[in-house]
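Next come two complexes built around chain A: one with chain B, the other with chain C.
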Partner chain A sequence: MKKRLYLELENCIGCRSCLAACTQCGGHEERNRNYVYDVNPLVNRQTMPLMCLHCENPACARSCPAQAIQIHETGAVLSALVEKCIGCQNCTIACPYGIPKFDQEQNIMYKCDLCIDRTKDGIPPMCASVCPSNTLQWLTDEEIDNKKKQFNLDNGKWVTSMPYLEGETNVKVNLPGILQGITKLF
Partner chain B sequence: MQRDKFFKEIENLNHPNEKLIKTHCSYCGMQCGMNLRVNTQTNKIIGVEPRYDWPVTVGKMCPKGVTAYQQTNHKDRLLKPLIRDDASLKGTAEGFREASWDEAYDLIAKKFKELQTEYGKDSLSVFSGVSMTNEKCYLTGKFARVAMGTRYIDYNGRFCMSSAAGGFLRSFGVDRGSTLPWTDIHETDCLFIAGSNTAECHPTSMFRIWNVQERGGYIIVVDPRETPIARRADLHLDLKPGTDLALANGIVHQLIGMGYIDEEFINKHTNGFEETKELVKEFTPEYTSMLTGVAPEKIIRAAEIYGKAPNAVVMFARGVEQQHKGVDNVSAYTNMALVTGKIGRPKAGVATFTGQGNGQGGREHGQKSDLLPGYRKITNPKHVEEVCSVWGITPEEMPQPGVSAYEMIELMEQKTIRGLYLLCSNPAVSAPNLNFVRKAFKALDFMVCSDFYLSESAEFADVILPSVTWSEDEGTVTNIEGRIIKINKAQEPVGESKPDWQIQVELAERLGRGKYFSHLKTAKDVADEFRLATKGGYADYYGATWDKIDKQDGVFWPCKDEKDEGTPHMFLDKKFYHPDGKAKICALPYRPPAEEPCEKYPLRLTTGRVVYHYLSGNQTRRIPFLHDMCPEPYVEIHPETAATYNMEHEERVRLFTRRGEAIYKVKITEAIRKDTVFVPYHFGHEESINLLTIAALDPISRMPEFKACAAQLEKVELKKVQ
Partner chain C sequence: MSDKNNKIPFNEDNYTHNIERNNERKLDRRGFMKTLVGAAGVFAVSSLPWGAVAAKELMGLGEKEYPHKKITDVSKLPIGDAVEFKFPGDHDDAILIRLSDNKYVAYQNACTHLRCPVFWVKEQGEMICPCHHGKFDVETGAPTAGPPRRPLPEIQVKVENGAVYAVRVKRYEA
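Right after this comes the complex of A and B.
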């Protein structure tokens, strides 16, 4: 059953387990490929993770002159192929979310590949596996639809979609406000 | 066992040429399930894989858990015993030379015997910890009393868990940190969480906690800081540090006044309600607000939500317990559950977040100065006899009760205690009033430290024995819920390091007490004797065999025999452990913190954790990822307070109290009270906040008041820092 990465931003507690876990994925060579931002550090402790959204029509791949960025059949946008990447950094500039990182020593771009060695076999990516706050979840489309029904923002625009983001993405994001409209038990 | 909704039926990834060893994290009381990845060619641990089949944490881990495996093959591991010949270098990492185990053992035995001949049996002491297995905790208690023959043994749980233990013992007659399994807590209707920065200290509880809100339940948080959990709580009671007792009394006052009490439960199953009702009369919302600084409306609302909830769990942690009235605080919050009858059934109860890995088991099996295995009292002749029959000594040989951890340090400074065997603890960072503690350690005639890294405390030692990490030994641990779980061995010890139980068996031989220890040849031998020694005690582990633990995903104590499956929920029969079977509702007058702010020290200092470090940081500060995320301590100040001192973000300032001073980087945040500053405590040497904290002890638990003292800030000239 196809599953997608789903982000419930408001759950984030800033523990950065996702970053630590990313270093543990096979082939990531102990370098993490995602980010956690302090939203307003002088005010409160709100943080948010930023992972590659695995766009259906990714700007990084579109901008790559060497076709080094492949899209896997599961929808995952893979890290640059070593044999093709020319180190031009077009992708790091093109990505609207600032995801691809550049390794100066190896002259190559590297980015989240949605733990393809795990997800292709139905095993969750490391970040979603360990996330202790359920900010990152690994869900079926049906489960995501249920979330959509449960967490219904007043404006009806709750997940990433045109025209608010770059385009359709394989990773779904729940904008802050998930508890809005929750019926209290008592 | 029924799987809860978070259970995932996912296979783990099996990499080629690797095997997965099921075990649990080395750090906090959550004891998250994890698989260690072991290379089958080198037999070394090389990584970690989530353990989706573990019912409590279903594969979830915090950054410490993810990187915990890196401690075992770390370059800083101690590989051989170290001896220091020049005592003048004590307190530094200098002057150690490598030695053989034989030389180290001979020296220890010689020095211990000399000291005891000259100054008596009780001139030696043992200071241990609870980040180790039940078997080790048990054997350490036996080693101190049988091999060393001293009354002076205590442990770092005095800095961590003993107030919760004292409070539960007084209220329920038994001390199990959680009256319900963690797999229940997301199904409750209201979580009342006091003095716990849960998101940072026990992150893998968070998916269950958020789920309470997502189902429409309520979260009430009591904390002077707007921690990540307080930020999203339905109600944040932002009290002044050290005023929990007033708040709890105020809420109980409201629960009674608003009619949320369960009279039938109170009459049938409790004592002390009338006295408590009388005592809390004066704790009106206005009076409580005056003491605590929490708005009266919030106090009323908190009582209303908790009172109305069909099921609710009261949870607390060190914020409540690390005060000189920690035991009273615990009992006072427990009163909330007792007056409303929200205890003794699934989805309702009381729980404390265990800080150390085996904070629960470690306090039950005889490392405390007054306790013997199975939570038996050393002052009870019947209990002493039961343990003596297992140990093979006579009751006359059993030493008297000793004193608590900090009081032991005081005796070292006074030269009553001359020798120390320290293991699995780093009091030179984690004890309060550190300038005094360091002086006391320097005053010792002879000190042995067993550790796998050269800790700040090991710097005071004459002999350092290299011990193993959690992944090089096996045994059981009791997690936050009271669930006994199994730690498995993933690789052979590095260098010449040895497990502590083996060190103690070998050392006992040298001390001439081998006959009481020589039958213990494997960790399993220790486990079997340990289970037997707990049989019939309150904390009865006899039925918790390693096989059963594997089969049942852990066993909750008490577990009395082979057929007993254990006790996930406490008090389901509404029988408490006091002789009359009733719980005690405690009438507790309010006392302010030991040290109140004054003109010279106008601020309140409180301390705590960050998510990246564990306890004194001796382990986590060495892990590159964790070090990078939080390389140094800081002082959190509210922007308005910072403005009055003319201090800027990231500026270095001097923080001082009556006991000491240290220089920290300012972190400006609105997430703290204006009258309070906060510093994390995981750092050593001149960065340690415990240079400043106060050693005011709780009269019952003997726990120091880490969470509140009076402090002052001062700008520092740049040249001073350089």
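Right after this comes the complex of A and C.
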């Protein structure tokens, strides 16, 4: 059963468990690969996590001159292959979300690979498995559709990456209702 | 928003650009270089036995003494005559020449040009290869005329109890 990472941004309490969990994922070498942003710094305390959205047509991979960024069969856009990455940082420039991080010492790009060792076997990625507020969830497409039905949308628009952000992504994001001008029931 | 160009403009799955992990080429540029270096390594390793053979020769183990082999009795070989024998193997033809009372010389008699059998001409005091009229000095085995450029390999002999024995083959010194 194919599952997706689903981000319900309004739930985020800014605990940064996802960052801590990311460092503990096998192969991540104790570095986290995602971010927690302040949405309106100095105005309110709303935060939101952002990890790689795993685009269908990833700008990072397409801009890589060495094809070091590969797309897994599950749709996950993998971190740079160590033996191929030439450290040109094209991917960090190309990504519209600013996801790829760069290791200056090893001259290698690293980014969220959706904990591919786990997710390829149906285990949720580390961030989703620890999130205490269900901001990050690991759901089937059917469950995401059920989520959609729970929302009272006065403009009739469901905005999990609707119709898409910069492009079609494998990770689905539910933008906060405040930004959409709609109200959530829960 | 939906008028965004979300399409890949051309097929990017080719030999020089492929980002699908499942379509990774078995022999891409990197794989080709690996194969090249690997093959060179295989050749290098497989040539090591020859190095061992060479080392063995250089360390003097090639100076091996074969089992002494009786060639002929002294009484059966008049001065100036020659007798053919096999040494050290059964297919290594050699020739023994008695030059004086106590002086015997022996050579492997395959001509160093094209391995024709070299024979002893008593009247001219020379060893002659009939194929291309090569001539060898009987004292040293060195070529004196004709195509051969290298001396005949010398066989050391010794006389014991009225018989002549072949002892060892002298190494060829280039």
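Methods note: the second predicted complex is superposed on the first by the 165 of 186 C-alpha atoms of A that agree within 3 Å, B and C clash if a C-alpha of one lies under 4 Å from a C-alpha of the other, contacts with A are read in each partner's own complex, and residues count from 1 in each chain.
Throughout what follows, a contact is a pair of C-beta atoms (placed from the backbone, for glycine too) under 8 Å apart; a residue touches a chain by one contact, two chains touch by 3 or more.
Being a predicted model, the structure only gives us computed values, none of them experimental.
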| item | value |
| --- | --- |
| Side-by-side fit of chain B and chain C on chain A, or clash | fit |
| Contact breadth on chain A, by residue count: chain C or chain B | B |
| Contacts of A:Ile69 with chain B and chain C, given as first, second, both or neither | second |
| Chain B versus chain C as contact partner of A:Ala61, first or second or both or neither | second |
| Chain B versus chain C as contact partner of A:Arg31, first or second or both or neither | neither |
| First (chain B), second (chain C), both or neither touched by A:Gly167 | second |
| First (chain B), second (chain C), both or neither touched by A:Leu78 | second |
| A:Lys120 touches, of chain B and chain C: first, second, both or neither? | neither |
| Which superposed partner A:Lys2 touches (first chain B, second chain C, both, neither) | neither |
| Smallest separation in angstrom, by C-alpha atoms, between chain B and chain C in the superposition | 23 |
| Chain B and chain C footprints on chain A, overlapping residues | none |
| Complex contact set, residues of chain A against chain C | 56-58, 61-62, 64, 67, 69-73, 78, 83-84, 163-164, 166-168 |
| Chain A to chain B touching residues, read off their complex | 10-11, 13-17, 19-21, 23-24, 26, 41-47, 117-118, 121-124, 126, 129-134, 150, 178-179, 182-186 |
| Chain A-facing residues of chain B, complex | 10-13, 15, 47-48, 50, 52, 57, 59-63, 65-67, 189, 199-200, 203-207, 210-211, 213-218, 226-229, 231-232, 308-310, 611-612, 625, 629, 639, 649, 668-671 |
| Touch list for chain C against partner chain A, complex | 1-2, 4, 6-8, 12, 17-22, 24, 30 |
